[in-house]
Amino acid sequence: MFDVKNFQIIRNNKIFEGFIIAVIIVSAMLVGVKTYEMSTLLLQTIYVLDIAITAIFIIEISIRFVAEERKVNFFKDPWNVFDTLVVTISLIPIDNSDMALVARLVRVFRVMRMVSIIPELRVLLNSLIIALPRLGYVMALMFIIFYIYAAIGSLFFEKINASLWGDIAVAMLTLFRVMTFEDWTDVMYETMEVYGWSWAYYVSFIFLTAFAFLNMVIGIVVNVLEEEHQKELEGDPDHVSLHDIREELRELKLMISKQ
Amino acid sequence: MFDVKNFQIIRNNKIFEGFIIAVIIVSAMLVGVKTYEMSTLLLQTIYVLDIAITAIFIIEISIRFVAEERKVNFFKDPWNVFDTLVVTISLIPIDNSDMALVARLVRVFRVMRMVSIIPELRVLLNSLIIALPRLGYVMALMFIIFYIYAAIGSLFFEKINASLWGDIAVAMLTLFRVMTFEDWTDVMYETMEVYGWSWAYYVSFIFLTAFAFLNMVIGIVVNVLEEEHQKELEGDPDHVSLHDIREELRELKLMISKQ
Amino acid sequence: MFDVKNFQIIRNNKIFEGFIIAVIIVSAMLVGVKTYEMSTLLLQTIYVLDIAITAIFIIEISIRFVAEERKVNFFKDPWNVFDTLVVTISLIPIDNSDMALVARLVRVFRVMRMVSIIPELRVLLNSLIIALPRLGYVMALMFIIFYIYAAIGSLFFEKINASLWGDIAVAMLTLFRVMTFEDWTDVMYETMEVYGWSWAYYVSFIFLTAFAFLNMVIGIVVNVLEEEHQKELEGDPDHVSLHDIREELRELKLMISKQ
Amino acid sequence: MFDVKNFQIIRNNKIFEGFIIAVIIVSAMLVGVKTYEMSTLLLQTIYVLDIAITAIFIIEISIRFVAEERKVNFFKDPWNVFDTLVVTISLIPIDNSDMALVARLVRVFRVMRMVSIIPELRVLLNSLIIALPRLGYVMALMFIIFYIYAAIGSLFFEKINASLWGDIAVAMLTLFRVMTFEDWTDVMYETMEVYGWSWAYYVSFIFLTAFAFLNMVIGIVVNVLEEEHQKELEGDPDHVSLHDIREELRELKLMISKQ
């Protein structure tokens, strides 16, 4: 009875999966409900529910762990590690200690289990994460642009407004704000009173980052289109390429020349 | 004389269609005119016009209904259901009761009949609606991102500004505002006074949603390009594929080998 | 000597063209200089220069007109009509009458002659204008969305802030502002105090217009890519299509079967 | 021993390159650290480090210069010129003279050496710079649009708010602000009080620039996609075109007809 196969049957059971998704949704809703003011009765209900959810999650992960034939493989999947961590830390009791905040935060991250349990969302997030390094060099270039502008901004504008240009970190945050066009003219008009030429600083920065960003987007589009094209070709076993046609033609020539 | 065929002739008549479009335009203009202050005379004219428009719409829909050979099919088209609903609710008289507001609102929605009557607009809106589920999983992922950030924001920032972070619904609205870059630094600077690290919360949120949005857009572009390509191939009966070429080559080989 | 051919030689002369472009640039710079405060001496210089420029433009257009073999064709080109209009209205003297403003405005529009004289810019602007009707139905749909939302906004929010929602025209301007994300939360928070649900009005409007706009952009991209592809095929006289290959194969078959 | 070959070995050595990158990173970090308030001890450490970095850079560039076989080629690469300039100007001592600011600025630009030393970043920046002239005519058209609107704005709105519309340069900056949607309604509402029609000025400007910008972006996308396609074809020595197939077919025909 205590066989790995039996646990695999439970793990792959559609009803079991549906039940876990339902529990995750309830857990997510609890996170939302807790942000409202509640009566004592409701608070107690939530407290009981929370214990029940944690218990169910522990049982679920145990089943998934036991169902794995080679135990090492279980922790090779980062999603399993994430699930185990989130559930384990949930065991910390919510009292008024410093750890209470961590315990509440972990309950928020349980919402992320939605991504780990629904394969389509997992694939989507993976594809987003895979796309990130592709942007590596453009991100590096943008960081250099930010860094240089922040250093110049801090050098010249620090005396004008220290809360915006006090040091290089604050200046980079200010430049991020300028990049999102958020009240950037307020920042500009302030420095233009002292340095009349400073409009050139802002306008050139906006052009540079917008242009680099554009380049980044186009880079991804081109990459994605190519990958789609590649996948299409590979996915079709019946695909005929011009190479195949040439091969057929060469065979034909051989046949004719042999006649 | 009271034949379905006759009604079909009226329904498909170009002059009839043009007349109905003209009536819809007048109805739309009335909606606009009503937002201005008006003399009593004008108000009375509008009142009369409104009754006339409602009457014409009832006659038009009756004709379209009678012209339908199988009456059940009429209500299978959601646009017909929409038209019938809008026209039926228009029959509620505008007096000073609570229903008056509903009656006025329905008159606004009569402008939508423009979409239902012009085939090109109907096709366009349908294509927009069809595109929505395609985005399903990205939307779900974005909702999860919003939900988690809203829960964290509500947990930490509620004491700082309850009107922005009071509960999870308000926090999500605030995050939507941050996503549109609308005075997001005001929100940030406020929380940074208490939690110095909170810039990371906003910047990471902006990156995540911008990146997910970008992914969504590219997904649609790729899909649309593929569909266009597919349509092009299918629409051309004279299209020659590499498969066809290979078939021709194989026939040739057979001919030569038989010689 | 007073031959059409001679005028055509002048018109097509590279030095003549370069001289006219230089005069247009000087004319554009005068427009800019006039916005600064000037000494009386400079004002008089500009006055003289202005007369000279007008004179040169009249001579230039006369040459272009005389050089045209069939005079009717001259006015078939909308750019010629534009040039003639702008130069003719320049003849109105700048005094302190009401016409002075028109005269100054026309001098501003003389900058547009840059577009009419440089073929690449003319082609670019033409391509922009040609692209507009292609967007016709999406623009119509967006207008309907704006109109309906403006009517609803005016119906409910007029009492809250008449300067934003007073009538349908003002409401549409407010909605345009919301679409550009410009202080849209100020508009929203104001109405949310009376109607708590009104966030749904703004959020749904932003989604609808953003989605329609996206669709519009993708529509243009697809169109442009297709046109480029088409142009490429047509522009290459040496292009080999799969049709051509099939034709060759059929000829081959005929040759073999005849042997 | 003092052979060009030896210097080339040093220049191409991976450890040498890694060391220089590390020195550049330290130099970049110093730029950042300097924006914070520091103790005298730290200031002195930085002073010493700065001298060391300058010395290392001089040695590095000397090695690269000596390693070049034809000395003229060294200055043909703009990155070498940039490196030499930045390092040479670093030699100016930082004291309280006017040159101190220049010296500090040059230290900021040493961060740019990161781009000159990492080939991938250099290629990326080059590709960005190469893309710029491609946009030449669209940029020219946008400048003309800006210029005309600025002239009109300055003509009408100067009396309303001289700090926004005082002269053509300030008006262009204001229009740039409007293009980024940054508090553009504040600018608009101010002028609408005097000229009720001025909303048309802003809305038309936003449409024109957004449309021109869109066109620009699409232009780049199409260009990049075409180049990628071209590169793909050229990079594949095994590529079979329809031309090749036709050639093969013609040879076949010749073979058959000769039989």
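To keep things simple, chains are lettered A, B, C and D as they appear, and every chain counts its residues starting from 1.
Basically, a residue touches a chain if its C-beta (ideal position, glycine included) is under 8 Å from a C-beta of that chain, and two chains touch if they have at least 3 such contacts.
Bear in mind the structure is a predicted one, so any value in this text is a computation, not a measurement.
Novice: By mean C-alpha position, what chain is farthest away from chain D?
Specialist: Between chain D and the rest, the longest centre separation is with B.
Novice: Rounded to the nearest 5 degrees, what is the angle of the rotation that puts chain A onto chain B, matching CA atoms?
Specialist: 90
Novice: Whole-Å distance, chain B centre to chain C centre, using C-alpha means?
Specialist: Between these chains, centre-to-centre, one finds 29 Å.
Novice: Please tell me the distance, in whole Å, between the geometric centres of chain A and chain C computed from their C-alpha atoms.
Specialist: Whole-Å distance between the two chain centres: 41.
Novice: For chain C, which residues are shared contacts with two or more other chains?
Specialist: Touching at least two other chains: 181, 183, 221, 225, 241-242, 245, 249, 252, 256, 259.
Novice: All pairs of touching chains?
Specialist: Inter-chain contacts occur between A-B, A-D, B-C, C-D.
Novice: Using the touch definition from the top, list the residues of chain B that touch chain C in their complex.
Specialist: 28, 31-32, 35-36, 101, 104-105, 108-109, 111-112, 114-115, 120-121, 124-125, 127-128, 131, 173, 176-177, 180-183, 217, 220-221, 224-225, 228, 238, 240-242, 244-245, 248-249, 251-252, 255-256, 259
Novice: Give every residue of chain C touching chain B within the complex, in rising order.
Specialist: 137-138, 140-141, 144, 147-148, 151-152, 154-155, 158, 166-168, 171, 181, 183-185, 199, 203, 206, 211-212, 214-215, 218, 221-222, 225-226, 241-243, 245-246, 249-250, 252-253, 256-257, 259
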